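Each chain carries a letter (A, B, C and D) given by its place in the written order, and its residues are counted from 1.
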């Protein structure tokens, strides 16, 4: 146990100092990476631990983002206050989506959520809600301003660094919550349902309740990520939540390692930085490179990055 | 009344495209119990091959059948190379392979054939012989081709030994291998057929929608809705489902909810069918052994 | 050991001296130096709008040619073109990368209305020129509100007004049906048409919108034909424009057809839709369509063709997107030329706001014209009618002088 | 010459090893039965013979080594298999099930001739020829499974617990049919069966498996007469 605490302290120190070692732009990229990590962790709870496949988590990311954007734009909410509300709204929408999902498994659920991901951009442009969502124009938000001046290593506490600490706190909180959830009673029930649903039912696990709650919590995670993403980018528009966003989340979950908590960080780094690399490799087909990497990973290391790390750990510990 | 008939007929025409895509999806589901998310992009890629053949001087029908052949072989190769290694793996890994294939085929279409809009000529006369003011020549033609493909598929599965073997392999792979059927090749054949049907759907659609790498993006969802509504394991059902979705989408778009929510119609259809009637209108009961 | 040190320090001294002296003559902001000017560009190379990536390719090729024969005022121009997949959050990230990481002097010819909206505030806060954005929405020409952003092409509302004026002149009691894309671009055109008609807005009898994810516009066309309109205003992007033209012919509907300039490309719209289906269609444009035989022996086109063969070998000459890139690149080149050695962002903006020049590929009588209060470089267009083979220009050059 | 020769065969059922260096053989035209309690490795033995399980050791059929050969090649050499649970193609009709049995055969008219012979031997199958096989009773499905195997005109027929889940009267009828098939058509059989007394009446040679090892083998009469076997397995 001692070793893990040492890891945690070292990581904590690095996390706090990091933004002062990087330029504003890199910090902005780091913020996006942490936001994606929360979204992927949410998806991981549902797919990695719960075994329910979702190709539509971009929809909850969009709902979270728009909840925050509309509250900040129309109701002059402060950015921080929108986070819990976005979580709540997405929890409810997750549970609502969870009910039909109860009767679906495997391919069918993947299909239903894929349809959701494709329909969301159009729904956001719907005339009926245009005066709230700004329709196709989207909504421009202003970033939360740092509350005090601060200088360190020759760099000022800019909006991005302020945003970094907000995102860092939320990320640590979410990862800690997930850790407890997964190792607690509910977590065991979720995993039991994934591996032996009928046996789990026989042991008195209330499948309906656990599955819908898992869907709700997973949606809430992705919703909070959506809200943070909207604030960090300070602009939302229907075209920001294209179908490929949901695919990227799934890719991140797989690359990082399904059924693992830290895996979400590696997955987030992958979907944040690899597209830029792929863009350099081939201007006309960045997605071909992206797809090829994904295929290679599925064949070579289905356990993802965490799978490899565990294999190394198990390897040398023998 | 005139407007209504126009909507119904253009719905039927669109429906024939959704039916063909739905049929391709059923082909793969029947033989592999997988839903192929890359079906749309594979069809677009095959249609580009046909366009390239025609563009380099080949006659339409020669290019048409050559493309169907190439698409068939392509489908078999894709199954043997990409799908077979993960056959026994959990559903999620398969879904990810399909998604990766979707993304790769889409990018390759853009890379090899670039993004300029391409016209695709139709083998059918412009004015249709039947009810010309409601339906165009090509729409009537593609309706006919879709039904012809369905008939060929029906005859193939009903009366040829390979067709029978494929059905057997799909239902009971263990027994199939015990009567000497190479089950993995049957799955590959299923993919080949689906890819060929997808190519036909693409070639029927390109003259209406004009060919570009993202031609099929919108259609795939309607193809899913068609296959599910009709019954994911029933070819006839998928075709009927396609026509229903086409007409329903047009009528709802024109008269009920306005044409800017049409994708949502497909979403509601898919989720509704899956939850209320999982095996669709005409599908067999889905029985899973404990 | 110390001998080497002295040599090094000597060299450093000289270098300092050189840069110091030239510093007095020329003034630089980030992204400009004696030998190089760095310009940023963002277009969608992937995703749903990847067709427009070809514009970025043309711009980069243009400046490869310019650098080949000496660059501008002795400096090499480095175009850094990034992909945003037409997704606003990605545009924000790429813009910040160009401004803060690559430290470009200014951004130019970024494409798309939602994507540019995402970085509109950022560019003006950072006081980095956001020039010649490749979208016709009305909001880009706002010198007071957003002094660092400037459009290029005539804005959609002006074009809508031009068509409205033509309808009022030629068919005062026309019944107009409009098919438009459900976003800023589509709505700007419709607003332009409505403003142009003024109190006779009632002439618009039917409106139908479509989504970029719709497979076909066949049922919208059916509805519009059903409305009994005799005039059709077609506000669609290339793929749906071709469908609408062909669809109208197949439905046997022959209204006076006005087509928005975004889809007036011969190569990717009129020919695919069937050249004879589009006979009589009226559109407008501000540049010569390379696929149009009418310009076969026009001096500007011949120079353009030579440029294409030299800098973009093997590419399709008929592709209108390359021409759009060529024209945007010409505006960028002119601005840098006029800035001379004062390569500060303020001066770049000043020069962009005082352009007055023509270009071989612009229609005769159409030229770049900007001033401190007019941030719309190109505002005049000429109407043209499709005769089955090429566009025939008619009437005089419309729009403010 | 032995039709089937198995030398120190080991086999795995998934990750667990089920057979440990088993040796047995089957002579031309003979019926050999393999007895043993549940989980003794009887089914795995059959699966090993037709290579649908992971095996090591040598198996030769009609004088040719088939270890490592793909199942469909072995089937083409004339080995048919009536699997445990009958393996009926429930979604196909009775006739389609029979046709699939002859999938590897090229002689069209030979196949239809055999179908007619099956209908003569099993009139109930003729009555239900166009019916979904899943709707047949247990006994009828067992008849169908055996008929499907016969459609191959096999040299060797592997039978996995044909008596499973059937009423005694029907089991009697099935075993009568198997005896007549062996005598009239000369089809050698490898019978895996829990119902030891029935199997021993039919077979001429028997082996007794216990947790993956052969513990006793010999002619069927001796095994039947053996005191210890009767008490432990036959229960009388």
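Note that contacts are C-beta pairs under 8 Å (C-beta built on N, C-alpha and C of every residue); 3 or more make two chains touch, one makes a residue touch a chain.
In this text the structure is predicted, and so the values were computed from the model without any measurement.
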item	value
Neighbouring chains shared between chain A and chain B, ordered by label	C
From chain D, the most remote chain by mean C-alpha position	C
Most contacted chain pair (by C-beta pair count)	A-B
Closest chain to the centre of mass proxy, which here is the mean CA position	B
Euclidean distance of C-alpha centroids - chain B vs chain C, Å	38
Whole-Å gap separating chain C and chain D, where each centre is the average of the chain's CA atoms	77
Between chain A and chain D, centroid-to-centroid distance (C-alpha), Å	55
Chain D, residues touching no fewer than two other chains	none
Set of chain A residues in contact with two or more other chains	118, 122, 125, 284-287
Sequence positions of chain C contacting 2 or more other chains	46, 48, 53, 182, 211, 213
Pairwise chain contacts, counting only pairs that touch as defined	A-B, A-C, B-C, B-D
Of all residues in chain B, those that touch chain A in their complex	33-35, 37, 82, 85-86, 89, 91-93, 95-97, 99-104, 106-108, 110-111, 114, 217, 221, 224-225, 228, 258, 260-264, 266-267, 270-271, 274-275, 278, 290
Footprint of chain B on chain C - complex, ascending	46, 48, 50-51, 53-54, 182, 208-211, 213-216, 218-220, 222-223, 225-226, 238-239, 242-243, 249-252, 267-269, 271-274, 316, 319
Residues of chain A touching chain C in the complex	23-26, 28-29, 32, 118, 121-122, 125, 136-138, 140, 229, 233-240, 242, 244-245, 279, 283-287
Residues of chain A defined as touching chain B within the complex	47, 51, 53, 55, 100, 103-104, 106-108, 110-112, 114-116, 118-119, 122-123, 125-127, 198, 243, 247, 250-251, 254, 258, 282, 284-288, 290-292, 294-295, 298-299, 302
For the chain B and chain D complex, residues of the former touching the latter	161, 164-165, 167-168, 171-172, 174-182, 284
